[in-house]
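Labels run A, B and C following the written order; every chain starts at residue 1.
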Amino acid sequence: TNIAAGGLNNSSEGSVLGIGVDQELISAVPSHNPAFVSRNFTDAEVAYCCTQPSPPSSFAARWAGKEAVFKSLGVKSKGAAASLRDIEILNDPDTGAPFVTLHGDAKIKAKEKSVKKVLISLSHSETVAIAFAQAF
Amino acid sequence: TNIAAGGLNNSSEGSVLGIGVDQELISAVPSHNPAFVSRNFTDAEVAYCCTQPSPPSSFAARWAGKEAVFKSLGVKSKGAAASLRDIEILNDPDTGAPFVTLHGDAKIKAKEKSVKKVLISLSHSETVAIAFAQAF
Amino acid sequence: TNIAAGGLNNSSEGSVLGIGVDQELISAVPSHNPAFVSRNFTDAEVAYCCTQPSPPSSFAARWAGKEAVFKSLGVKSKGAAASLRDIEILNDPDTGAPFVTLHGDAKIKAKEKSVKKVLISLSHSETVAIAFAQAF
């Protein structure tokens, strides 16, 4: 039941339904706070971020990604509320490319808007994470 | 006569004609200067930005958005000239999502290039505003 | 033989195959190092960057652009390796808009993935360069 606007980052047909950009200061994302992390990230996301060279950067990039996906869906984010967990961003094991899977409310919203797929790209410097999303 | 590449941020068919990204230091956008503001922003944009939690951030994000739209149209911006006012970025009252309406020269340029719609997304941190635009 | 996913930044039909975003601290791109420059930039790119108001900013923006193109192709960048030179970003003399031409391995990878075109947009502030790419 977790299949949705995700899938591998390999193609997207049809019209663009929305785009979203977001940036976050890495120091502003409290990834050292277990309650924050479990409320906003799936187990698979946590497992991935914790094995990266800089877990705080990875959490922040993913956080920016979730906000960008929200914007691409044309719905307001609930900020730090549980629903950011509904937007899961994992990485293709072969290419390293991130891809989006929607759950729960985000999945329902996407269906209402006929969104079939969301593409995502992430980047971080030492201090800032940015993300771009596109919904089809 | 103000209808153009705008409309609600809800769909876009056909081929992508151009993309544009821009970033601005919020402190570099002189939104405290009334002459600058009236030359570059429409009355509706000013009304919106002045009701936001941080008007300087909102003006800067919108400024970055206008530059990104220019890039997506494949035409050079005239910098601080009047024509940035021709690219109006307002927000959907229901979703908060920004959308683009073109006027004047920008509208003419878009028509020449067969641009039917421009999607926009904005983001700002404490110090920097970024924007992404896509022309169809 | 240098024609590929490039061409003028004027249209792109068909489905979006991938998107890529990247940012670089301008001070972190060693554009004062001739070996670094010749390994990663084509002669035409060097000629362009050196005539810009701030060559380090132009090199950094182009570097971010190359990384963004790599991400849009869904392949891993080889970092500072020679292959970044295979992604050439030049500017349309009339509009100033950047466009992508792929060579060598990047061209082969793009063909394997049925990529026909890559659109690019670049931006830099005093300190940071960002880029967005989209592969069709």
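The rule we apply is simple: a contact is a pair of C-beta atoms (placed from the backbone, for glycine too) under 8 Å apart; a residue touches a chain by one contact, two chains touch by 3 or more.
On a predicted model such as this, the values are computed, not experimentally measured, just so you know.
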Applying the touch definition from the top, give me the chains sitting in contact with each of subunit B and subunit C. A
Mind checking the rotation angle between the two copies, subunit A and subunit B? C-alpha superposition, nearest 5 degrees is fine. 120
Can you give the whole-Å distance between the Cα centres of subunit A and subunit C? 25
Hey, what residues on subunit C touch two or more of the other chains? 16, 128, 130, 132
So in the complex, which bits of subunit A are touching subunit B? 15-25, 67-68, 71-72, 74-76, 113, 128, 130, 132
Would you mind writing out the residues of subunit C in touch with subunit B in their complex? 9-14, 16, 92, 95-97, 119-126, 128, 130-132, 134, 136
